[in-house]
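In structure tokens below, several structures.
Each of the two complexes below includes subunit A, the first together with subunit B, the second together with subunit C.
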Partner chain A sequence: MVGLSEGEKEFIKGGIAQDLRSDGRKRHTYRPIYVETGVIPQANGSARVRLGATDVIASVKGELGKPSSLQPDKGKVAIFVDCSPTAAPMFEGRGGEDLSAELSGALQRCLLGSKSGAGAGIDLSSLVVVEGKVCWDLYIDGLVVSADGNVLDALGAAIKAALSNTGIPRVNVAAGAANDDQPEVDISDEEFLQFDTSGVPVIVTLTKVGKHYIVDATSEEESQMSSAVSISINRQGHICGMTKRGGLGLDPSVILDMVSVANFVSRQLFDKLDSEISAAEADEDES
Partner chain B sequence: MAAKPGAASTTYSPIDPTNKTRPSIFTGSDVDWLRPDSRAFQQCRPAFFRTGAVNSAAGSAYAEFGNTKVIVSVFGPRESKKAMMYSDIGRLNCNVSYTTFAAPVRGQGSDHKEFSSMLHKALEGVIIVETFPKTTVDVFALVLESGGSDLPVVVSCASLALADAGIMMYDLVASVSVSCLGKNLLIDPVLEEESYQDGSLMIACMPSRYEVTQLTVTGEWSTSKFNEAMQLCLDASAKLGEIMRSCLKEAASATQE
Partner chain C sequence: MEYVSPEGLRLDGRRPVEMRQLRAEIGVVAKADGSAMFEMGNTKVIAAVYGPREVQNRSQQITDQALVRCEYSMANFSTGDRMRKPKGDRRSTEISLVIRQTMEACILTNLMPRSQIDIFVQVLQADGGTRSACINAATLALADAGIPMHDIVTSCSAGYLNSIPLLDLNYVEDSAGGPDVTVGILPTLDKVTLLQMDAKLPTDTFEDVMQLATEGCKAVANYIREVKTSFFCLIVIWDLCYNYC
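This part shows the complex of A and B:
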């Protein structure tokens, strides 16, 4: 946790009120985003995203499993975030558990939609191999290596990049299997199916300091917040998930205003992320 | 659909903000959803509150909304654990747990681990923590039966228990959730409706101050639908706040006699 003097606190709040933050950004400007894909060779897909000093890694691993009986035509996805002690000493042991649970929950809400599967950013029906018997279980793991504010947005971007880097191996099902038995499957080592990530939303966290909201707060700015709302928006401008991240109460009109600001900011973020991801993939192909 | 004026009613139903009657049959292949307890889409379940349910706690409350039954006890302000750092404002510690017989299938309340932190967030903006420095207030919620819309009932019941314990707050917190099934918005969903929902919106707000303390959205929402759902929830929360207030007044007048 940062220790700030009264003067520094006034400086941060005053700067935000005048649309000039401590690092020179405007209220709705993101820090430079750097994306690298394919950082973990053993995973099916992975990405590392750096947002200023915030550094996160996301990896996607797929295993064959059985679909749930309630939804036999859909695969399964589990999202889990781990806060590493390298980010902050208080994350050692069980200290980071609260933050990890909060981030995992928020990401699940934003990317996986509701229980019936509607509104999911990831198309789960593309993960099924044999309906009712064999499907892909995707395990998406996020690791927070360095935390300087806005970890949730960075994780959302990393998961989007990791999913676009993910290659699901092609599975050949042995023909002529009896109806009740588990069919024999052969996982190919060569052919891969790329994941369709056009429906994956981005997460925009708006932090309210005084009367104004800022996007992409550093941890100093986050310590001065009165409240924060994380909104997940997809390309069509629909809200895919929203969580208020604690703090004081907010007037409903403020929330609606935040949604429109998030809509506006997300369009720029989508373009930036897409260009960064394709640049990263191109780099990876070359090396 | 609207509550009867004059009577001390325990049902609360918000006014339809668009003033349109909802079409009862969809075009297309969507089947019209008939609510299991034959409520209208925008009618909430009857709310029952009682404070003073647990004698040994500083404050407690019991809430029953249809099949959802929750009991909350508040202990404190008590001395903070020795391992905690000195803090010149009070601390809040929340815990939500499910009994093993709460869900229809035994022991299935495990995907509600985040309810404790969500309850904490809903309450932290409401409690005036400067009034109990160096100490901790513990809020323990136990869901006796899970019948849908669990977290909103827990939040409302917890704020009543805090009021019963005499903890200073800016306002009571009333919480309502709305489920989206196809094109319909159903307020106060039951367990069955929650399992079929396409999206959900939960709001915890302070009715008198008209401020939202906690907000969660799942599923895909267009901005206009989100707006409509939020207005629905705020309206219902205002009415729920009235019911909670009358419950506290009854309890206070009963002890005076």
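This part shows the complex of A and C:
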């Protein structure tokens, strides 16, 4: 990251205080969002989201596996994020591991619910094939290609788009298998079930700079933040997960206010994302 | 298994001397000094260049030259089966070294002493020929970053299956166990800068296969020149200055 001079820092903070950021946006305006789906043909579903200069790719791959004995009626989902060194030289070698772990953890909290599987944004019971024996293991991989702030929101949007693009092949189970054995399964190549993503939340990150909070911070604005709260909200307006980052403590009333702002902003984000995703799917069908 | 049908068509419908479709795009990573995406058929890679900049590790600084570093990583979803470890395995380390040596040979490093140039290559989809695609992408990214070079480097691979030399192997053909010859050339200077081969070939057949790969490299160079003529002005000007000063 190139350092910022004192003058530049003042410019950023002053702009935010006056509701006019360096690129002309208001505090609660997102950068233009571009969504492309089906970018990784060998995956079950994939999407690429560009939020200004932030560019992330998410891919969903399904493999058949055995459900955990604690939750025999639910499939399994694992989320991994990798920060590519192309995004920043400091991600070279193991430099990106900290950020990758943080992003993976935040996404798991927002999308996967609690340890018992309750409250997950993704309907895990739709992934089971034979209860207790065979289920789908979904591996959601995120890759950060270019990072210019607000990577978490972009990843959330990419995962939502990738899940809408995901087709789970239909599995035909051979009848008459003995109770203890693994049943024989036949994965169909032609028939696919589209994943239901109406319950999948989006993530809105609010970054506090000075006395105000902004949505969709660029990396320069993030460098001036005192704290940031990432809230994951679904279509019904329910909060699905929350993460606070940054050292400075926040007054509880401020957090509640941030939650209501996030709720408001998420309406627009849902609409924008849904229209972008359908446009992307239409493009993909044509090509 | 038959890799070339009796009519002379390969598994993906190409002729033996036909390359896969090429596609390149410059400036895909806005924050990098130079970046490019290169596709050869289904193989898709992104290269980003950061530099010339100050050397991060003082002990590695070279007083009369630039330090060139390279890292190759594959995305988790790039191969058919999901990979668990995107970087740090032996193959990635070897390819990072190969790309570094190839690019270092063509960069005019003595023009940028005590500085560092980082080349990062990220494979998004791997379908054979990743090494070549990475070198082609790195060349374009270096050109996009405005780093002075002797010449561009282009690379292509060729193999020999069912007694026929095949250009630009894809993953299935590469896994067939036949020889795989990867060549990197400096097209204007007409010099070979990278040559790697695995498995075995009789010497005269090797000459044919290497010749075929070199033709492939020249085809890549033509593609790059046709589509991206504007960059080339930059490199030619540099070269002229370098030769006349």
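A few remarks follow.
The criterion applied here is as follows: the second predicted complex is superposed on the first by the 287 of 287 C-alpha atoms of A that agree within 3 Å, B and C clash if a C-alpha of one lies under 4 Å from a C-alpha of the other, contacts with A are read in each partner's own complex, and residues count from 1 in each chain.
Here is the rule we use: contacts are C-beta pairs under 8 Å (C-beta built on N, C-alpha and C of every residue); 3 or more make two chains touch, one makes a residue touch a chain.
A quick note: this is a predicted structure, and the numbers were derived from the prediction, not measured.
In the superposition on chain A, A:I40 makes contact with subunit C only, not with subunit B. By the touch criterion defined above, A:D148 reaches subunit C but does not reach subunit B. In the superposition on chain A, A:L206 makes contact with neither subunit B nor subunit C. Within the superposed three-chain model, A:C135 lies out of touch with both subunit B and subunit C [touch as defined at top].
In the overlay built on the shared chain, the residue A:S59 is in contact with subunit C alone; subunit B does not reach it.
Of the two partner chains placed around the shared chain by superposition, subunit C is the only one that A:G93 touches, whereas subunit B remains out of contact. When the shared chain is aligned, subunit C comes close enough to touch A:D82, but subunit B does not.
On the subunit A side of its complex with subunit B, the touching residues are 98, 101-102, 105, 109, 113-116, 118-119, 227, 229, 234, 237-252, 255-256, 259-260, 263.
On subunit B, the positions that touch subunit A within their shared complex are 113-114, 117, 120-121, 124-126, 170, 194-200, 205-206, 209-223, 226-227, 230, 234. Those residues of subunit C that touch subunit A in the shared complex are 28-32, 35, 42, 46-48, 50, 56, 71, 73, 75-77, 80, 82, 86-88, 118, 120-122, 124-125.
The touching residues of subunit A, counted against subunit C in their complex, run 39-43, 46, 53, 55, 57, 59, 61, 63, 80, 82, 84-89, 92-94, 139, 141, 143, 145-148, 219.
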